[in-house]
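Next come two complexes, and both contain subunit A; in the first it sits with subunit B, in the second with subunit C.
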Partner chain A sequence: MTNHLPIIAIQVLFLGAFISGLVGYKSNSLRKFVIFLATGTSLVLTLMLFKPVMMEGQIISYWMGNWVPVSDWAIGIGLEVDQLSLFFGLIVTVTVFLGAIYSFKYMSKDNGQDKYYVVFMMLAGSVLGFVFTGDLFNMYVMIEIMTFAAVGLTAFRNHKAESIEAAFKYLVVGSIGSSLILLGTVVMYAQFKTLNLAQITALLNNAQHTPVILFAFALMIGGYAVKAFIVPCHVVAPDAYAAAPSSVSMLFSGIVNKAGIYGMIRLVFVVFASMNLPSMQFLLVFLGTITMFIGVTMALAQSDFKRLLAFHSISQIGYVLTAIGLSTILGLTGGLYHALNHTLFKGLLFLCAGAVLYSTGTTDLNKLGGLAKKMPQTAGLFLVGAFAISGIPPFNGFVSKWLVYQGTFAKSMETNNPGYVFVTIVALIVSVMTLASFIKVTQSVFFGQLPKEFENAEEVPLSMRIPMWILAALCLVAGILPTAVIDYLIKPAVLAIKSAGNYVAVMMGQEYATKIYTEGIAIPKYDYAMAGWNPTSWLILFGVLLIAFALVALTGGFNPRHIVGAENNNAKFDVFFSGEAAEHSHVAGNDLFWGLKHNLKGYFHFMHDVHNGVVNDYALMVVSTTALVMLYLFLLVK
Partner chain B sequence: MLLENYLCSIVLIVLGLYAIITKKNAFKIVIGMGLVDYGINLMLVSAGFRVNGTAPIFDAPTQTQYFFVDPVPQALTLTSIVIGACVTALALSLVVKIKEHYGTLDTDKVRRLNG
Partner chain C sequence: MNNILQFLFYILIFPGFAFCVVAGLLIAGIDRKLVARMQKRIGPPILQPTYDFLKLLGKETIIPRHAARKVYLAAPVVGLLSLVTVSLFIPIFNFSIFDKPVADLIVIIYLLTIPGVALIIGGSASGSPYAGVGISREMVAILSYELPLVIVLLTIGRKVGMALDGNITFSLKAIVDYQAQYGPMIAQWSMIPAAIALLLVIPCKVGSLPFDIAEAEIEICEGPLVEYSGPPLGIFKLNHAIKMFIMTSLFVTLFLSGAGTNFVALNVLIQFALAVVVTFISISVLKAITARLRVEQTFKFYWTYPTALALLSLVLVWLGL
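Up next is the complex of A and B:
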């Protein structure tokens, strides 16, 4: 019975797409019911896999049409759900379920909703299929469906020119990425005459890394870098995130770039088993470090709410990539933990941005302001998300970022390489800049003065707030119970990454695996120590600070003095303006951190010129990145 | 014979990438994407080719000697062709919409989203 759960979980989502397309145009509530049922069933089925896979350590394999391997040769298409797949599978189904609930109300103002849900469910099903599959070509097909659905959803509000432009750019760059993956797949097939991931893993284990294999490897790294939006292949991501409806932006940052990360992990760790090479570790850590740095500095310069969040999304993926590039137990733990956390807090932040857009009709940081009075719950939830992404205890971002810092530092101790300390420092600086840009967003959207045109803004409906509350609660839970999360979710996944032999043994049979892995299948020891992290005491500290803040606020400690007569000259341009409540002198998004932006204007102008919006240049960046990765692999990886 | 196939496919892929990177007309970019697809399809179907191989069909139950071309890449190529056609269709429909919104297909002018 357990064997059939993964395929049913995937099929339910695709069936939901088709059924909602068939019956959805008749009635709104019927369509919502179908979508709710499909996403909910998929979530339940994936959760049912939790006990056998995560707790009992089984790996579930399923051969489509029962085409089992004949004389040690895999012919059919197989699904293989190990702990790593299930970890990402859970992320996917939870995100999709919450995104669907949010969509019900959020999309109610748009027309063409029947089409929206069809594409939405296709996106969901394809990513779930991608993480559960055990077949190289199937991975390509699923990621192509994913790109296709993502492009369709980006272009959904096609009365806006920006949506169409973003969708076209995403399609061009995304299909170059898919083509690279397909080309890599073809070359691998020509070499090994099989598409089964487990069998390729086994064959590669004993094979020399010939130039042809390195060629295929480089192509696939390039392709998945495009899918995960790793710098410098990230340029279409902010366009697409900002142009898509917010419920879709949540899926983009929650599952679409996670699919790229999953593909990367599966290839470099399991299939090619290349991460014991220092040069490969350097490649991933280098890419990750520039990704987090460029992502966050670009975010500082943005003036659109969702575009800013999109750049943060890129930056956080940099953390994940850096951590998994370390290839130590601590690093992998931090990387996967951060991938989980990123889905939670970035989903929450995008939903908050959607709530602001729903109530006010704009996401321009220079026009918004003072919404905390009108939308107190959204403001509070946004603060939770902002604290989490900035790594403030006791929220989840702190735990995973701490693991990343500790992992990079420990790596430098281990290898005597001061370069990894530099990575730690960059990670800390990036975290500070993340906090800075979220101060900017919080100030310019939720605090300060309320512009006159938004005086009728209202809190969003309950069905939109429920997913936000759930995500916020998960953020807190993952922050105060890190050991439980690591024991039940992260640790099995990390062990699965580290033991490719088991992956082969389950899919191809134990005898086959013992023939390949003659020295036995090594299970690495899992030990880590989180230095100086005691969640309970941080929670108490947070509570005490909250109570102190509330007491001061109740006794009137924060009441500003009222100054009359500032109508003519706008007080926000005075030298000292803080603490004064001048009429309509809201400190908007662009007014903050202008000193930093002015002093580093050379860098910011250069980065602005790089993101010039010309699709040809974006394509060139992708192709040249792949070419450089290829050159690097040929020169440095033996 | 196989060498020419591989060379042709590489040439097609490179030409396609060249078109995507240098051509400023959105329509030509779509053509470039098509070329990349065709090149990969050619390489894919060549990967399964065997000289003097027959079509992969069992013609008689008594047949004992088989020398087939590999049927798997042919199935993959069909899938890939279908996906390629869909990509082209979606891209062209977006090009139509770009023309409606921007009044031009010049990619240097379709850059409202930047920075």
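Up next is the complex of A and C:
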């Protein structure tokens, strides 16, 4: 029974797409019911896999049409759900479920909803299929469906010019990425006569790493870099994130770029495990570091809510990639933890941005302001997300960033390479810049003066707030109980990354595996220590303090009798404008990063020129990145 | 039960809340006196900050019409909380309230940014445009000093870690133990640039001249604090004072610590006296002889000189010196 769960979970999503298309035009609520049922079922089915896979350590394999390997050759398409796949699978189904619930109300003002849900479900199903599959070509097929669904959703609000433009850019660059993956797949097939990941892993284990294989490897890394929006292949992402409806932006940052990350992990650590490349680590860490830095500095310069979030998304993926590139146990733990956290807090933030758009009709930071009075819950939830992404305790971003810092520093100790300390420093600075950037958003959206045109803004409906509350709660839980999260989710996934041999054994049979791995299958050890850090103890501390001060404040510390509400017309409750009436007084200097931009104007001008919006240039950037990766592999791999 | 009482004592009396308040207000008073004497003024009595604080507690709290009420009131308390939490983590010679190494430098880095963030959030919740200018400056200040601060702390971690097990340590207890064994950190010549860098970071962290760009009274009416009044303002002023003590005390623990004596009270006195000396060097003297810098000058300054000094130390330590 358990074997059938993954395929059903994928099929349910695709079925949901088609059925909602078939019945949806009749009734709105019927369509919603179908979507709810499909995403919910898929979530439940994936959760049912949790016990056997994560806790009992099984790896579930399923051969489509029962085409099991014949005389050691895998011909059929196989699904293989190991702990890594399930880790990402859970991220996907949770995000999709919450995104769907949010969409019900959020999209109610748009027309063409029947099309929206079909494409939405296609996107969901394809990413789930992508992480569950055990077949190289199937990975390509799924990522291709994902790309086109994403392009379609980007262009969904096609009455706006930006949506069309963003979709066009995404289409071009995304297709180049897909073509690179396809070409890599073809070359691999030509080399190994099989497309099954496990079998390729096994064959690579004893094969020479010929230039042809390296060529294919580089192509696929380049392709997945495009899918994960890694600098310098990130240029289409901000447009797409900003133009798409927020429920879709949430999927983009929650699952679409995670798919790229998953593809890279699967290739580098499992399929090409035999390469055991220290040099590959350098490439990934390097790309990750520039990704996080460029992402965050670009975010500082943005004035649109969703574009800003998009650049932060890029920056956070940089953290994930850096940590994974370390390829130590600590690094992988930090990377996967951050991938999970990024889905949670960035989903929350995009939903908050959507809520603001829903209530006010704009995401322009210069026009918004003072919404905390009108939308107190959204403001509070946004603060949770902002603190989480900035890595402020007790939220989840703190834990995973902590692991990243510690991982990079420990790596530099192991290898005695000061370069990794530099990475630690960049990571810490990026974290501070993230905080600064989110303070800017908080200040310009939720606090400050409320513009006249938003006097009637209202809190969003309950069905939109529920997903936001759930995500915020998960942010808190993942921050308070890091040991539980690591034990039940991250640790099995990290072990799965490290045990390629086991993967082969399950898929191709024990006999075959013993033939390939003549020295026996290595069982990885999970040994790391979160050095000298005990989150619970100081969390209790913070809690006790909070209670103590709450008592002080309640028993008259704040002189409650003297706190006067601003109901009357007394001028002392007005904001100070040097004695002028507010409308005659203009205080300049609202550009929060003027000092920073002024000092780094060379850098910002350069960045401005790079992000020029010309698709030809973007395509060139992707191709040349791939060429550089290729060059790098050819030069450094013996 | 006993444990809980002891815990409460740590948090509320020593080295937590009460101790912080007393030490902070004293340091702030001493600083004002020192600056005044250097400028040939008589200066206020040492207890003046205490009087100011008590007076503010009795005043009316005015919440502006456009303010986000809860955030506006909560911000100063959150800042105070995080400062008191930091104080629990800083060992005073051999006295530390945690037996096992619990605290880490990175927790301290994080907790120390929270007061700044609280100031920013509180200011922006007040809805004043002057606060808007102030918080933008505060943010640039945070970005400026954070880089050298992080490098200094990593350098110390590396230095101590090398002596322990060739690895890295982020544990303050290990740093103090190291100094108890090998003498104060400042005696190692390779650490002197880092010490100078940290001394330069302190004034910006506590927001004193010439780096008090965020609260520039004359230009932008105290920026984030412009709308604050009564107890919330008092708590912000208290935060400012406690921050002075915490930062100088952290410097003492990182660079001037040692074996100490067997008496906790005496150790605390020594720590406080050293903190006063550090306050004099890094805060009072600079305050007395300089004028306020501009925003972009501050940024440029921190990303060049203190960063270069800190990096120099890091490289020296890496080379095993």
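Please note the rule applied: the second predicted complex is superposed on the first by the 579 of 638 C-alpha atoms of A that agree within 3 Å, B and C clash if a C-alpha of one lies under 4 Å from a C-alpha of the other, contacts with A are read in each partner's own complex, and residues count from 1 in each chain.
Throughout what follows, contacts are C-beta pairs under 8 Å (C-beta built on N, C-alpha and C of every residue); 3 or more make two chains touch, one makes a residue touch a chain.
Since the model is a prediction, treat every value here as computed from it, not as a measurement.
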**Request:** For A:195, decide between first (touching subunit B), second (touching subunit C), both and neither.
**Result:** first
**Message:** Just to be sure I read the superposition right, which of the two partners does A:409 touch: subunit B = first, subunit C = second, or both, or neither?
**Reply:** second
**Message:** A:436 in the overlay: touching subunit B, subunit C, both, or neither? Say first, second, both or neither.
**Reply:** second
**Asked** Which of the two partners, first being subunit B and second being subunit C, lies in contact with A:239: first, second, both, or neither?
**Response** first
**Asked** Where does A:23 make contact in the superposed view: on subunit B (first), on subunit C (second), on both, or on neither?
**Response** neither
**Request:** Please tell me which partner, subunit B or subunit C, touches more residues of subunit A.
**Result:** C
**Message:** Looking at A:619, would you say it contacts subunit B, subunit C, both, or neither? Reply first, second, both or neither.
**Reply:** first
**Request:** Answer with first, second, both or neither: which of subunit B and subunit C does A:7 touch in the superposed model?
**Result:** neither
**Asked** So which bits of subunit A does subunit B touch that subunit C touches too?
**Response** none
**Contact footprint of subunit C on subunit A as seen in their complex** = 370, 372-373, 379, 391-393, 398, 402, 405-406, 409-410, 413, 418, 421, 424-425, 428-429, 432-433, 435-436, 439-440, 442-443, 446-450, 531-534, 537-538, 541-542, 544-546, 548-549, 553, 557-559, 562-566, 572-578, 585, 587-596, 598-599
**Item:** Residue ranges of subunit A touching subunit B (in the complex, touch as defined)
**Value:** 137, 141, 144, 148, 151-152, 155, 158, 161-162, 164-169, 171-172, 175-176, 179, 182-183, 186, 189-190, 193, 195, 238-239, 242-243, 301-302, 608, 611-616, 619-620, 623
**Item:** Contacting residues of subunit B [partner subunit A, same complex]
**Value:** 13, 17, 20-24, 26, 29, 33, 36-37, 40, 43-44, 47, 70, 72-73, 76, 79-80, 83, 86-87, 90-91, 94-95, 97-98, 101-102, 107-108, 110-115
**Asked** Which bits of subunit C are touching subunit A when the two form their complex?
**Response** 7-8, 11-12, 16-17, 57-66, 68, 71, 73, 77, 80-81, 84-85, 88-89, 98, 100-104, 106-107, 109-111, 113-114, 117, 120-121, 124-130, 132-133, 135-137, 139-140, 142-143, 146-147, 150-151, 154, 157-158, 161, 166-171, 173-174, 221, 226-227, 230-232, 295-296, 298-300, 303, 314-315, 318
